[in-house]
Amino acid sequence: MAVSKKSSEDLVNVQVDGHWIRVPKGTRMIEACKQAAAEVPHYCYHPKLTSPGNCRMCLVEMGMPPRPTPGEEAELDAEGHAKINWMPRPVIACANTVAEGMGIRTQSLLAKECRQGVMEFLLINHPLDCPICDQAGECTLQEYSVEHGNGQSRFLESKVKKPKNVDIGPRIRLDDERCVLCSRCVRFSKEVVDDDVLGFVDRGSHNTLAVHPDRKLENNYSLNTVDICPVGALTSNDFRFKMRVWFMRETKSLCTGCARGCNTLIGSREGKIYRQGPRENNKVNSAWMCDSGRMEYHRLEDPARLTDPMIKRGRTHNVVDWTEAICRAAKDLSRFKGDELAIIASGGMTNEELYLTRTLAESLEAGVVDVVKRSGSGDDYLSHSDKNPNVNGARKILKLRSPGSRLKLIHAGIAEGKIKALLVLGEDLLDIGFSEEELGGLKCMVLVHMIANPTAKMSTVVLPGAGYAEKRGSMINATGRLQRLNKAIDSPGLSREDWEILQGLNRAVDGKDEVTELVDVFGEMTSAVSIFKGLSFAGIGDLGVDVMDTGESVPLLEREAKRVRDGLIVG
Amino acid sequence: MIELSELLVPAIKIVVLVFAVILPMVAYSVWAERRVSAIIQDRVGPNRVGIPFTKIGLAGLGQPISDGIKFLLKEDFTPGHVNKLYFWLAPALTMVPAILTCAVLPFGSELFGEKMVVADLNVGPLFIFAIASLSVYGIVLAGWSSNSKYPFLGGIRSSSQMISYEISLGLSLVPVLLIFGELNLSAIVEEQSENGWLLLPLWGEGAIWNGGWDRFFLFFPSLLAFIIFTTSIFAETNRLPFDLPECETELVAGYHTEYSSMKFALFFLGEYAAMIIGSGLIVTLFLGGWSLPFGCDAALMQMAGNPEQVPWWLGLIHISTFLVKVVGFIIFFIWVRWTLPRFRYDQLMKLGWIVFFELALLNIFITAGIIFLTRSPD
Amino acid sequence: MEIPKELEKSADDAIGHYPPEEKRSAALPLLHLVQQEFGFINDDAISWVADKLAVEPIKILELVTFYPGFRQKAPGEYHIRVCRTLSCAMAGCHKTMEKICEIAGIDRSKVSHHDPIAVSSDGKFSIEFAECLASCGTGPVCLVGDDFHEEVKPENAKALLQQYK
Amino acid sequence: MPIVVKRPRLTLAEKCYFPALMKGLRITLGHAIRILQRKKKVTMQYPEVKWDDNLPEHYRGAPALVTDEHDRERCVSCQLCEFICPPRAIKIVPEEIPPGDEWQKVEKRPESFDIDMLRCIYCGMCQEVCPEQAIFLRKDYAITGVSREEMIHDKQKLYEIGGKREGLINKWNKLK
């Protein structure tokens, strides 16, 4: 307990490039430099991984004040700091920690020459294939070679040939010639996901990253190695050769693959998503994300995407315009009251959509409202067993004590003929235990969904919604953190963001015309739902805020915290 | 009861003159303008359009036809913000007066006993001024009805310019009329045919050795009148160096900015028609109209024998003489256009009101004085 | 691959030298045992060692490929290592190598970085270049099996090989 | 501080404008006569007479893709030209060279490569930026078509125009 109180003794004075700063004891030199806005180039160092210090790129000049002989006073400069004796040799900034009175020079001649030398060695065997390399544009080798490199090669001998285009896992391709042997991927596999399948074989200049012939890098977190690879050695099969990174617009969003709510960056260009990767959030997903979550965006490319609102006439669905579809849906639904009408919402909906569903249910006086429970296998890292991203939101907004429990009532209601109309939001009923005969008995079924599934075939009105990357909104993840979803691309055709559809239905049903913006929906929700009190949509920020305590924790984050406490990583 | 021939003959004259002479001339003066400007500027100019579907170029003589077809086929766009009635009326109001004025121009002596003039008015110049001054309405209307700033400024400029120069135009002509004592253009031409052109009094009674002292002294005021008149015609027809109304650099295209297709072409043709009529008027008044110089007419008449009847071949010679003179003037107009830079607007007004107006006025008195001194009262 | 009982026993013995949570420290002793037993360490052996130590096989492969002393392919009856570090190179070790190969009938043309050992057609001799054998004054030197030979000039090659007939 | 330009004092001849006018007319007449006498060379008659042989080496005509000595398409679809193209005339869809292809080693090639010649401004940025010496501005300048689609040069058309180019750096040469 005594340690937790941070006194000024825990801070040390460090001089970085001539300026004195105070940083906590035990800080790595590289982090101290970062705080002083002196970026030290590095390849092998990663705050979430241990520091082997094998790339030598972060060499800086270091100095310490001389230890005064007994009885002698230290020589002080004008600011009251002891004079620094600079060491003749450089040190690596990634694995050394700061000490009181330490001096660091990142821009001295020695440091610059060291970097230049390291760059030259790294580039000796590196192939000149930037034009075909997916890393180009976000490659630190490219960047540092421009900033710190020599400009030309003095290497006349022929380059070492290493394996190219190696299949080391189902989602990853390895190009050993591009590898700079930083070992980030090896350490990630070993330290974070306990799947120590990567290693370096062959000594000397033929040093090669490899997997054992009998093993593959195929754990569900393998694509993180692609993210942390500072060069183009590891590339993702999914993204390989699809798009150059400089064309892509990056949107901060969330993964909706499970209740974890990993923060993501969605790379898109001209209405097409090309990749989705993790965005660092130390309260949710650290800097990682599972492979299946990354592939979530492919669901938006379903060839069966709905693009137009449709009304069923006879046996076929006819395309109509939005006004007609909304009016028809509202008219059909308002004919049924109380127990005659049930609403099946989804745990994949945003809070705003759920709130509009609630108001709609209130004005339609719907008898039963519930969401569908969807669980799968989770793991001990990030993947959660609840595969709905926003069940907590549904719990709070729709006031459901145990989500999914009322579906039984709906089944029974339909069987008895009590329930005559159904509003289905973002779910495929035939996929969750409803049968065709059951649904055939309904007088009216309105579906808001993005894919033309069998339920759509049976619905009287089909309203095309948007996928998770095509809309804005907020969600509450498994640990009770409220986070924001952002729109990366437009939804196809005439399809709309779901909250707009629900708002349209609301207006058509109650005739009021008040809320026009998503932020207004959120604003209204803050007064109606207690956990949102005092919040605003913008106030959620990129990293989200904790709004409820679910008693859950993230196993991966806990292990990471322990490694930080042990001083293994910076975190 | 009017006889049929009394109707038919003028009708034939009108049709032949307008559709066979003036309009083709207008079209070809556009072509000439482009060719002459090209050779002045060391270029080639339109030299390709000849007989369709052949490689025969005819030095580009087919260009006016294809231009015409183009004008007819282009989209005739009427902007939404214009005053439709006047917008449509304006081009016609520019073109029609220009063609009307040619009614009194004698473009030949006689052919088969018919005088080669549509209407042998004895107030010819007055008729021309009266009609020509109508064309300013076309331009003003075009500028105003376009409901847009550049055409509006162009219209204003044009009207004030035309009004200004009409004064010197009219005044510069008074000495000429004094000299001839006549307002019938045919009579003026015949007079010149017999007694020497106004600017070339070298035969008949006009020649100094035949006692034409008056004409000798009157040559100088006539020359002055000629210069003023010619210059004013430039201004009246909106041609460079006085084309301020359509000044591209300042007004885009002036009053016809908003016009397209055939309506635009009518403005264009109106301008060239005015130029042809202007040239015809200059030729008629100062350079003997259809007459051949040095009394050749009289000699040829004698050769033909019958002093009452002009033979058909001489009639044709006269017509061609007139056309040659007019063409010469048109080329002069073009030549000037591609030589001189545009005047500034204040310079233009100053020239009209301060120089030409006074000079023309003075010229009347000088001429009257000379006539008073040299001609014995009959 | 059959693992003899004795090997299994001595392996367990070697592992017992290290604390149970640091079992992988026994990797090198185990590999030495395997190479002593079979003359080389093949993929099965690597997997066996990895299983024994509860690590991923790639970690053992890393070791095997790192140390030139470990062989992944069977050598000949007598394995010759010729020093090629500077002093020996200057003393003419390459000529010695050529001569030995010629006499023993060894084709070194297939030798590469990944596969440095060449075996004679009769399987009697195998040969590879080695780094410094620590007798720079008496180069060229070579090691046949565990026997150390100094001043192996090309003309001495024949005599050298004859010792192992 | 305004600058006062003094107006020149004009002589009477200058003031009355007439001599200058005559001088001008003389100049233009001089030009006209020289042209009529065919003493001066005038504009070239374009479609019949062409200047193709005299086009300078650096002439920037239609951009086109080239193949190397071994008929390998030089373009690896790095999309730098697509990025640099000021009017955004270039559109590339990359693809992986399938296994078994002679040039599998190169790994990447364009699946489609379209240049919209209605947008192209012949600036030559694509040629300048190309790291593979795959795109060159050729001397073709009369790029015409009767439909918009026709004016989009696809990969096949671009190689047709570009043809084979020898003597460039072959960094993917498999012989190396």
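Per-chain numbering from 1; labels A, B, C and D assigned in written order.
Keep this in mind: contacts are C-beta pairs under 8 Å (C-beta built on N, C-alpha and C of every residue); 3 or more make two chains touch, one makes a residue touch a chain.
Owing to the predicted nature of the structure, the values given are computational and were not obtained by experimental measurement.
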Work out per-chain C-alpha centres and flag the one nearest the whole-protein C-alpha centre. D
Rounded Å distance, subunit A centre to subunit D centre (Cα mean): 46
Using mean C-alpha positions as chain centres, tell me how far subunit A is from subunit C in Å, no decimals. 50
Nearest whole angstrom, what separates the Cα centre of subunit C from the Cα centre of subunit D? 66
I'd like the Å distance between the centres of subunit A and subunit B, where a centre is the mean of that chain's Cα atoms. 84
Mind pulling the subunit C residues that touch 2 or more other chains? none
Multi-chain touching residues of subunit D, meaning two or more other chains, are none
All chain pairs satisfying the touch rule are A-C, A-D, B-D
Would you tell me which residues of subunit A are touching subunit C in their complex? 196-203, 206, 210-215
Subunit B residues within the subunit D interface of the complex: 36, 39-44, 335-336, 338-340
Under the touch definition given earlier, write down the residues of subunit C that touch subunit A in their complex. 43, 46-47, 55-59, 61-62, 65-68, 113-114
Flag every residue of subunit A that touches subunit D in the complex, lowest number first. 128-132, 136, 164-165, 240-244, 246-247
Residues of subunit D touching subunit A in their complex? 76-80, 82-83, 94-96, 105-108, 131-132, 171
